[in-house]
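In the two complexes below, chain A is the common chain; its partner is chain B in one and chain C in the other.
Moving on, here comes the complex of A and B:
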């Protein structure tokens, strides 16, 4: 037993509790400082993670908790996401009313859950981590309790969350029944012999369904647009980036470390799901006018692209997922920060709210344009390199299994469709006719900094990919893959 | 730093600088843009004249490793194929910037986008790395979209904006799949085939020093680059994969796609085969493919992807519909850069990559290509005849001209492809000139309806004369740069394709003459309608300069094509045959080419 394995999680939870306590003594006008201070502290923790070595895996708590390259990569990922979300929250404070400190604390607890998920090496830990994330998000989603849409989103998320937990726990029970263990290490050792037990497979399938809800995979994506639209914007951002990434790290560890033999048989299923998810997300995004709803559908489509990397079942594919998610982090947070700023001024979430943005604030227009271009996967931004890596990983498998060529074809069709609606947003920014208000938009300095970080991140990952490609390749060495 | 990298970086740095200048300093912004493109053009001219024809390999090369594990390098260099294109691109970019005076709103954004577009395309032509080749071309996608949308003309602007963007990205993505498939198809040195089993260490395996004893647990070996094949002797249930040793099930000696699982035991010596990563480097791939051609199946799979991907980018019939409308709606500078320079990217890709690397895959498609390019030449020429809008006419005629470029490629002969390169360069200047002129007319008249014009030569002696000359050049009149190019293409087609195709293409020249001369008659001759009494000609040398510059290039390369042919021909020969062909002795040159001057 090595309690130090949990250092980061303990710090984050302690920070959350500290914020809750400090709330008592902080006058309402200064509460935003709590959010900013916790963002700074998270940043210091992020720097500390570089003291940990990636090439040694540490197993602790009787092998139920692991710190390896993959876990560390995702812990850093979640730190960055949480820092940017907290900064966005500070800028969004007016809309959240008095509960700012609680909101920040809940974000920190969700962060702890995500970090736990990154290290889960046991089905019980997996479940606890996911519940920690989901339960905090129930509150975060319905935080604007005077707003009907927010409450509706909360109820929907609650019901769907409970359903997915049901699938998950039932699956875990079946897996335990078939294998006699919940430990990833133990199951991994005998996975080859378990691979033909129907009970075991059924259990795995149910767990896969449970995770499918988290990553918004078709046919378990139904909650996404409503919840994305109704939630407070920082919540939507954290849900889209953090919760999805947590789902993917668990999926990677489960399919590619615990049961790669089973996953190899499921390649066709994964491919079909990836293709459907890409097409569904992109096609449904076309008629959307609400920005957050549009990004909700786009997030479904992106889950599809990421699933292509899972389906490839190679180190290249998994490394591509890590790269894509990192680019997605900066891209999506930039987009949501801009939306949050605009929402402060106008109550409209429509694309029309962006009309004339180029005149109102060229800086915001540039940030939103970069975000859309990156989402569309156009050079020189992060989204392009991520899609490039995924496409390469998929085509690499094409020689062995020609179905992958079709998957690549669907991905391309998806990208072309997505260009239509992403560039529709750019059109609204630059030459929409119905520009009503042309007053300059004030931007808080915190938001300006967050946007600059996001833009720098998008450009850095798009133009100088070398460092992160190496980090991602290093991280996926913990998986049992070719 | 290579002069090519400088030419590429100058516009991009100028764009960055412009982003930092406050938006009401309009004059400063314009000056920065003009200066940057002027310097880039001057450097390109210097590079062109310093280029030594007939040298083996590439000149002005520079290689900077970029992503080592994927084999991506910043590799630029020129040979005969792209040296003229870079010169043409840089000059057109300068002319386009000069003619951007028409932009009167949001200049900062416009010049920023224009410079990004120019830098990207110059870099794409200079790049000898498949990744950057694609990457830099795609840089132009977003600028094109925003420029047409914000500063474009016409009622169907919105439709045109989306059509050109979606169409071009579809083409680019198809080409991207082809390029990645090509990258994956080239075998790495010492590659272990998938599914291979070994009784001993794979060939080429080397012992690892400081290998850990293999007894249970998880170890890691530090391996610096590439994929690692690790072999140990023994029967214990451990395996080494990709540099890390993990407890795995007992699968004996099976090579998966990129590593070998091999069992290990106790203190047996560990041997590893470190594989070099794959590469996107075009010269390296070309050398590897020349040594051992790619398997027929992958050639047959990849070539159509590249042909149609690049074909869409060059407006190959029937995928050309984006071009006339897109160019018709675009602001002058965008149309000049796009039709003149950017569109040549697909042709360049076919010549540089598809034809030399996939010769067997190309064979069944070249006849298809020959017929499709007849579609360009005949159908689009015919459509151009029916146009009432000058910009649509020019747009369609530019699509028709691309047919000649494709015809040269389809002939697959040295002379034909040399002709294609000449046509590409000549058409770059020509398209830029014609779109520049029509932009001037639109500024003066407020319309481009040919029916409403007439007699304009009286009011616009300079612009009118240039328009006449541009139209003549478009017909392929000797003395303009298009003539030698089209002639060589015809020779190539005569040699490589059926006479029927040849005759049809020749007949299309008449179609070209009809619409060009009709446009001249309707716009410039006849009575002058009263409403155009106040139209003014280009006054002052700075207004005449961009037009004159383009015309001088057209005439210069037309009168003295040797300047280009001596450089282009050895380059094309190298691409086609893989070896340097010394320029023919003077006596045996093609008779119509002037004899090069002797140097003292």
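Moving on, here comes the complex of A and C:
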């Protein structure tokens, strides 16, 4: 047993506890410093992760915990996401009231869960990690206790989440029953012989359902718009980026490391679900006027694009997912940071809140525009290159299975539809006539920094993608793929 | 990039001729835009140097016995493989291009110098000289091009620079319209030209250099197959546009909106001559056995040259008729130019493979001198009368503007074809050719000659002599030296170009057999009367007839007597036979129909079904789907479970 494998998780949890303790002695006016300090500490930890080697995979705790390229990639990803979300939280402090420290601590606990998920190599660890994420999010979603919508969102997330956890744990039980083990390593060795056992398949499908809930895949997407809308904006952002990515790392590990022999037969299912998810998210976003709901539907659509990479069942496809998620991280956090800043001034979450933003703050207008353009997949931004890699991975499989051509076609139709509502946001920013307030928007320097980082990230990944493409390709080597 | 060891002398000196004006464009646009005088000087120096180098080339290469020379070639596009293409930039130097080089740079230099005086007070003088140099560069490119692609590029550059120059005073609506009209009409012809080039390209697997094409057609006359005549006529389309032949002649008179030196350079001496030059350059294309595709079998029995000859003849006669009733001095000269270009094209059409298009080129050269002279003289008059262009407001200029008067008279006599001035010889060579080939066209040529003498002397009697017809005319005074010097130089050219051996030079390249008749000049003066006496006498008679009528009608006339005598006919002539109105009507009709059809298609098919249909369908679908999100938790949980059931069914069915 090697306790040092868990170093980062332990640090993060310790940091969370430290924040809770420090809260007792910190006067309310200075609580925001706690958030910022934890962001700094996370940044230092992020730097430390570069000391770890990506080539060797380390198995500890009876092979139930793994540190390999994939795990490290996602740990870094979650670090970046958490840092940006904490910075956003600091800017959002007024709305969260006195509970800022708790909020930061919960964010850190969720981060620990996500990092654990990245390294999960055992169904028990998988379940614990997921529950750690989900349970902290129950609180984070309903954090604005005086706000009805926030509470409603919390309840909905709790109940649907509990339902999916039920399916998940049931599925784990069935898998254990069929295979006699919960260890990924063990099941991976047996999976070829287990592939035609209905009980095993049923168990896996139920686990797939549980993960599908996390990544907001059709038909388990139903909670997304309501929860995204009701949650405090930093929560929405973390949910959309972190929680979704945690779902994907587990999905990748499960389908492409543990049971690739089974998943090979599921390509049709994955393709159908990917296509439906893309269409559902994009179509529903069209008439949407609420900004956070709009991004909720957009998040469903993006889950669909990412699922295409899973369906391809190739290293290129999985590497494309990693790349896409990284671009999505900067893009979405930029959008949510802008929304958080605007929502501090107004209660209206409608798209009309953006009217006149160009006059109120050209910087915010530029950041939001860049984010929308990147989400729409226009070069030279990160969103374009991610979509390009995903489509390339899918089209490469087209020769073997013509259905992939259809999937690519649906994805392109989805992108075309999405242009409409993403550019609707840009139109509201620059050309909307009914701007009520035109007073300049104050932007905290923390938020300004976060936005600059996000914009730089979008542009860097879009213009100089090589470095990250190599990293992603390196990271997926631990999966059992062609 | 350039290997100086492999440069050839003197052939590669031609690059200097070509690039000097371009350098002037660069310097005048980038550095000296604010200093109008300096820009003008740079431009003038460039073209004069070009002229001097051209003279040097003419002497050096003319002294060699080789029929032609070529400069070093620069590879421009080269694609290897079975469908490979190789296009090089190379300058062709044969007597034809050398002679044309002299005309373009020589007349060009005179006009550049004249412009310095004419445009003296214009605020856009720098721009003017930049455009003028650009034009010179483009025109030299056409002259020196050794392949179709290069020629086409410079052909278009000439179009652009003439657009810039015609529309030089673009703040005037009429000038801007005229520039557009010239450009668009030229584009129509150029469209045919490039189709012809592509046709030849495909028929000969990429042989586009004139020499290679000539050699191939000499050994395989049937290389172009049944498309020989079509290809020839498509190429001719380019000349129809640029040389303003019927039915694309309408742009040239309007182009007179440009500054007068521009009219002289572009629309008399060089650009419009480019079409005729091009026809002479590719004359070998027209001498292959005539063949038509099946769909055009009714043309059997005619050759492409017949079509060219008749279009030239029609243009010559038509333009001469119109010129008779114009009152704007520049328009009279413009229609006269059209008419003379028609003459040249007719001469090309009548030429035989054996004799080559010498008469056309001969007339081109002499015409360049006297028509440039006439335009510059007209410009001198116009400037002296404060931009008055109506000939009925001029008169009595003999005493006040002696140099302009005498040089203009020389130009008039040369244009009418009075021996021993240059026009007589070139016109006579065309008439003699027509007489030997086609009597109908000979009569057309004679009629045109009568009309030419008539309208030119009408212009002379009304505008130059007699009493002053306006206040401005009585206060006119001679133009400055910088403007009269070019007039004198061009007058000298107009007098002598006929018998000093232009024809001999031309024969050297255009005649395939070796029967050169190099006569000493004193014998050359009277040569036409011994060579083809009938044509020479008829031509002389035509001049005398035209002069007599003009003398009778217009000597000391106060108003134009013709409208009363001819009535409707005169009105039709004055209105240019309503060509513009007919085109306007036809284009408007076609345009209306096409635009309505396009509008309908766009409104209903594209915007209606394709765009709005797709978008509202998607929108509706999105709205319907949104109804799933009821917000009701029980429904959500139910849908979740239904989803699970569906996924399980999908895999485990």
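Everything that follows uses one rule, which is that the second predicted complex is superposed on the first by the 482 of 482 C-alpha atoms of A that agree within 3 Å, B and C clash if a C-alpha of one lies under 4 Å from a C-alpha of the other, contacts with A are read in each partner's own complex, and residues count from 1 in each chain.
In the analysis below, a residue touches a chain if its C-beta (ideal position, glycine included) is under 8 Å from a C-beta of that chain, and two chains touch if they have at least 3 such contacts.
Predicted model only: the values in this text are computed from it and were never measured.
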First (chain B), second (chain C), both or neither touched by A:452: neither
Which of chain B and chain C A:159 touches, first, second, both or neither: second
Touching partner for A:167 - first (chain B), second (chain C), both, neither: second
Chain B versus chain C as contact partner of A:220, first or second or both or neither: second
Which superposed partner A:10 touches (first chain B, second chain C, both, neither): neither
First (chain B), second (chain C), both or neither touched by A:21: neither
First (chain B), second (chain C), both or neither touched by A:431: first
Which superposed partner A:358 touches (first chain B, second chain C, both, neither): first
Overlapping contact positions on chain A, where the chain C interface meets the chain B interface: 420
Residues of chain A touching chain C in the complex: 155-156, 159-160, 163-164, 167, 198, 201-202, 205-206, 208-209, 212-213, 218-220, 222-223, 225-226, 265-266, 269, 272-273, 280, 282-288, 417, 420
Residues on chain A engaged by chain B in the complex (per definition of touch): 55-57, 189, 191-192, 314-316, 358, 362, 369, 373, 378-380, 384, 388, 391-392, 395-400, 408-409, 412, 415-416, 419-420, 423, 426-427, 430-431, 465-466, 469-470, 473, 477-478, 480, 482
Complex contacts: residues of chain C adjacent to chain A: 615, 618-619, 621-623, 625-626, 628-629, 631, 633, 636-637, 639-644, 646-648, 650-652
Parts of chain B lying in touch with chain A, wherever the complex brings them together: 23, 66-70, 106, 109, 134-136, 138-139, 141-142, 145-146, 149-150, 158, 161-162, 165-166, 169-170, 173-174, 176-177, 180-181, 183-184, 194, 218, 220, 222, 241-244, 246-249, 256-259
